[in-house]
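As written, the chain order gives the labels A, B, C and D, with residue 1 at the start of each chain.
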Amino acid sequence: MAGRDVTKLEKVVKEIVDDMRHMPDRGMVAAYIPELARVNPKSFGIAVIESDGNTVVGGDADVPFSIQSISKVFTLTLALGKVGNRLWARVGREPSGSPFNSIVQLEREQGIPRNPFINAGAIAVTDVILSSHLPREALGEILRFMQFLADDSSIMIDHEVAASEHRTGFRNAALANYMKSFGILDNPVDFILGVYFHHCAIAMSCRQLALAGRFLAQFGSNPSTGYAVVQPERARRINALMLTCGHYDGSGEFAYRVGLPGKSGVGGGIMAVAPGKASIAVWSPGLDAVGNSQLGQIALERLAKEMGWSIFGA
Amino acid sequence: MAGRDVTKLEKVVKEIVDDMRHMPDRGMVAAYIPELARVNPKSFGIAVIESDGNTVVGGDADVPFSIQSISKVFTLTLALGKVGNRLWARVGREPSGSPFNSIVQLEREQGIPRNPFINAGAIAVTDVILSSHLPREALGEILRFMQFLADDSSIMIDHEVAASEHRTGFRNAALANYMKSFGILDNPVDFILGVYFHHCAIAMSCRQLALAGRFLAQFGSNPSTGYAVVQPERARRINALMLTCGHYDGSGEFAYRVGLPGKSGVGGGIMAVAPGKASIAVWSPGLDAVGNSQLGQIALERLAKEMGWSIFGA
Amino acid sequence: MAGRDVTKLEKVVKEIVDDMRHMPDRGMVAAYIPELARVNPKSFGIAVIESDGNTVVGGDADVPFSIQSISKVFTLTLALGKVGNRLWARVGREPSGSPFNSIVQLEREQGIPRNPFINAGAIAVTDVILSSHLPREALGEILRFMQFLADDSSIMIDHEVAASEHRTGFRNAALANYMKSFGILDNPVDFILGVYFHHCAIAMSCRQLALAGRFLAQFGSNPSTGYAVVQPERARRINALMLTCGHYDGSGEFAYRVGLPGKSGVGGGIMAVAPGKASIAVWSPGLDAVGNSQLGQIALERLAKEMGWSIFGA
Amino acid sequence: MAGRDVTKLEKVVKEIVDDMRHMPDRGMVAAYIPELARVNPKSFGIAVIESDGNTVVGGDADVPFSIQSISKVFTLTLALGKVGNRLWARVGREPSGSPFNSIVQLEREQGIPRNPFINAGAIAVTDVILSSHLPREALGEILRFMQFLADDSSIMIDHEVAASEHRTGFRNAALANYMKSFGILDNPVDFILGVYFHHCAIAMSCRQLALAGRFLAQFGSNPSTGYAVVQPERARRINALMLTCGHYDGSGEFAYRVGLPGKSGVGGGIMAVAPGKASIAVWSPGLDAVGNSQLGQIALERLAKEMGWSIFGA
């Protein structure tokens, strides 16, 4: 029976890859920094890792891309490991109802970001990881965590992307200074932004991302080692946050169409999990109007439907 | 094996009912109309119906209460049945990031409500059901639908509640007139509000609500009859909307803590579904700060955890 | 010396009328009700009444038009006469920084309109005038006040305009219901809106408006009778409100360019006062983007400049 | 006749100074930086310079204080001198309807500040003065302009205040970065903020401020020299901006009560002008809820009333 399932997954993935090749509307590649703009808009990759370790990949599954906001899932996991539920004193858990970089919400709610996946929230999470470390140390910790989860020490930060983001990241500097004015951040704004821009600039392939996401699909455990990365309840809760807040102001739409917890990045990647079933990563650099990968969403919708993986009923 | 599970469910439900009896902080009963204010704050009821029809109830499971916003799930289902995806031209599918009766969002988004579960969205949905009917006919249709789903023709509208809501519902009148000014509503505002206030005033018990919700837990089918109420995909999508938007500005919190699609009402009821496993209703009239049943949420968190029903990983 | 001044004023008015005839960009006539849309877009009228009673008119100075929001100056005067400074418990005195019909501000400020000249504020002022009267009585009082100030009993309400506004005034119904939900209004919403739409539908000519505005230019006194309409301090304060809030979200611009207290209406009229010097009314139905008469503003800018009437320094 | 007027002014000023000494409610001294907090809350000073140069002072009229936002009138004058009406492409002219440091308005209006007197607007104005200069040069130019206007080369910047503002000015850093993200600012954010914090930290006495403001009361001319600082029309327009926007979200209130164009600062100073009549400065460090000098406003209301100087009718 497992064999039949695997066959079906392979078939579905192959069909998706084939169909994505010919999609006419691929969205717009992010162009606010040259490093992102210069990626091939025709790229499409997918990697699926089932509970038993069975892995099915397709397209550009081994081409590294800038994971951008997907890193926020992992920094959230790290920060929860450090301070536990005290984190929620400075970051909320509600969908924002606004674009990812909105500052209006911060004014209304006294500098407390609505959730850890909007930019302001991820900056506050980064501040927690920094604690009294130097930026270099904090960044090393984040990178080593990613390498550990993906079981791949070759994962690197793209320093050109990070430098370019830092040079032009005035909106994020506004968010950080604004939170700082409310006393939400402990560390110097420049330190926090330095770490933030660098962890968003981590480059990974779909295969590496799917590997890194396994603990969320597997009740907190890393199947390579059998050890718990987090307790099952925490894995569930991170999944819940991804479902309600993981796709900026398109989170409701993603839940409605795909029905899987997931997190997108403006590099065109989406990491998603089918709890108890599979860890998934897709990548296609063209974005829709709210900043989520156009083909990535279509591919995940197809995959979840064909495999009966929606968490809202098979 | 089924026998063991049932036993566990019965045990869990009993413990929950016992514990809820002694909870010191029960929230505040809604008091904006006298009919809601006069309910016994000590009430607590729960009903769980598993896929095989096995039913476990506890506490005041057969006491009818005002379902209020829970009715919005059923009017949404009816409206989708009438106009299908054309509904989404006038109602969005994103969490609102604001209180349930906020009008700010409508100004920013040209009168289009963010989702069908905030008041403005439910008013727009009601307008669709009205189409060219008279209010009395539309209301009859909604009521018969509830009676059909719950297989119980004794379900009634509490006309005193409806009249009281209508007399004091200036905020909803503001929302309706505001949408009307953008051309989002077809029918006269008074007609729409009349139907809206009346369907919110339907009185049901936990047992009746859990019966009515079965089709969402069972891939669109009503197990009493075996017939499809909606297609499986539509059931999934309504569940997704309940998860992201079902608890006003506490939707993220409910997903995080409980991990089940659900819809709450200011009467203190919550209907929830564990897809493929169970349809659930709880009731306790005291509300938390954002308007969701204080004990209802705690009870559902306990139930989902003990039974391993969270959609985000058992 | 008076003779020389008069001569200059006559010359300036004549030049303005001549120049306005040929202005290519006349703005857009309000078209949300047919009664306003059907006015001749080429119309232009002006009337200036100096302190000594000397009157200079030009163009369509005797053609009646719908005074619309200009009526708010007179209802404010009446309401202050009734309840004095207690009025400020339910209406603010600050510019709004938003369009005239914004509801966002009301949500932020608990239903208290920012000033008596935005729609919400004028509705609250109308509620004060109604007090325990019937709509018909309140309306009679407002109309008689206008007739008294202009010394002209022929001033009438255009009931077709009022009926059309009432039929389509959903935005104003939203504002009124919204304030009612905060307890800001005492009377039934329908009564208040009935009076509001009717006083906005008063039809007056430039000459009549300039006559009615004399008490604001003359320290509170009506020069026809010599009697005080209001105390000098109240006249100053109404002038201050007109300067900071009299032109919707173009109030700053009007102060900057014209430098006179004034109030505009979407019928294309503007009433303005040069304190101690003159009462002025202009009319041209085409509006600019924020809803103020395009040519009316240009005419007043010219007039104030040529006559050295700016309150900010001759 | 001039003699009698002077006598009256002297009498009025003396009474105001006497009465202010005993006022029980003096507001709250700004405490966000220690340098401002440590001022004597009992201080009160006033200086009035009439058109003919006649000067009447009272109380602490020669004690220097931090002029803070009052400097924005002078930087606006300088920036208009540099780029003329092109300034208005990046700063609006409308009252903001929000607190002085709101960022919400910037999001709604694409980074364009509503007026040059809210913090964001003054930062944009500072950017214009910087143009391609170094901060030190721009600051020198601003300081020399103040010394020239007040005919007093002893006016200095309080560098401790500036350093303290810079160290804690996260909200202003947020505003600047936010505008920078929309491309509204040309110079590096740090340069702009450096100049901004320093010009706000200029220390002046009431007498010096009243001297500096004479050109606004005198149709653009500096009476010491007879030379035009700006054209009369520009002086009128700066006065109009002060009236509609000069007191943060209390501008409407100030116009209503005082009736003079003016600009306040959180150091407790207010500069005001009675066009054609007098230049005025008052100082009392306690602030009201919106950040304007509590006694300063009362003193100016008294002065304007007793002297018949209101621009809205004597």
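To be clear about the criterion, a residue touches a chain if its C-beta (ideal position, glycine included) is under 8 Å from a C-beta of that chain, and two chains touch if they have at least 3 such contacts.
Quick caveat: nothing in here was measured; it's all calculated off a predicted structure.
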item: Self-contact between copies chain B and chain C, residue sets same or different by half; value: same
item: Rotation in the CA alignment of chain A with chain B, degrees, nearest 5; value: 180
item: Longest centre-to-centre distance from chain A, chain (CA-based); value: C
item: Whole-Å gap separating chain A and chain B, where each centre is the average of the chain's CA atoms; value: 32
item: Chain A and chain D: spacing of chain centres that average the CA atoms, whole Å; value: 48
item: Separation of chain A from chain C, taking each centre as the mean of its C-alpha atoms, in whole Å; value: 56
item: Contact footprint of chain A on chain D as seen in their complex; value: 102-104, 106-108, 170-171, 173-178, 180-181, 189
item: Residues of chain A defined as touching chain B within the complex; value: 92-98, 105, 114-115, 216-217, 219, 232-233, 235-237, 239-241, 243-245, 249-253, 255-256, 259, 261, 275-276, 305, 310-314
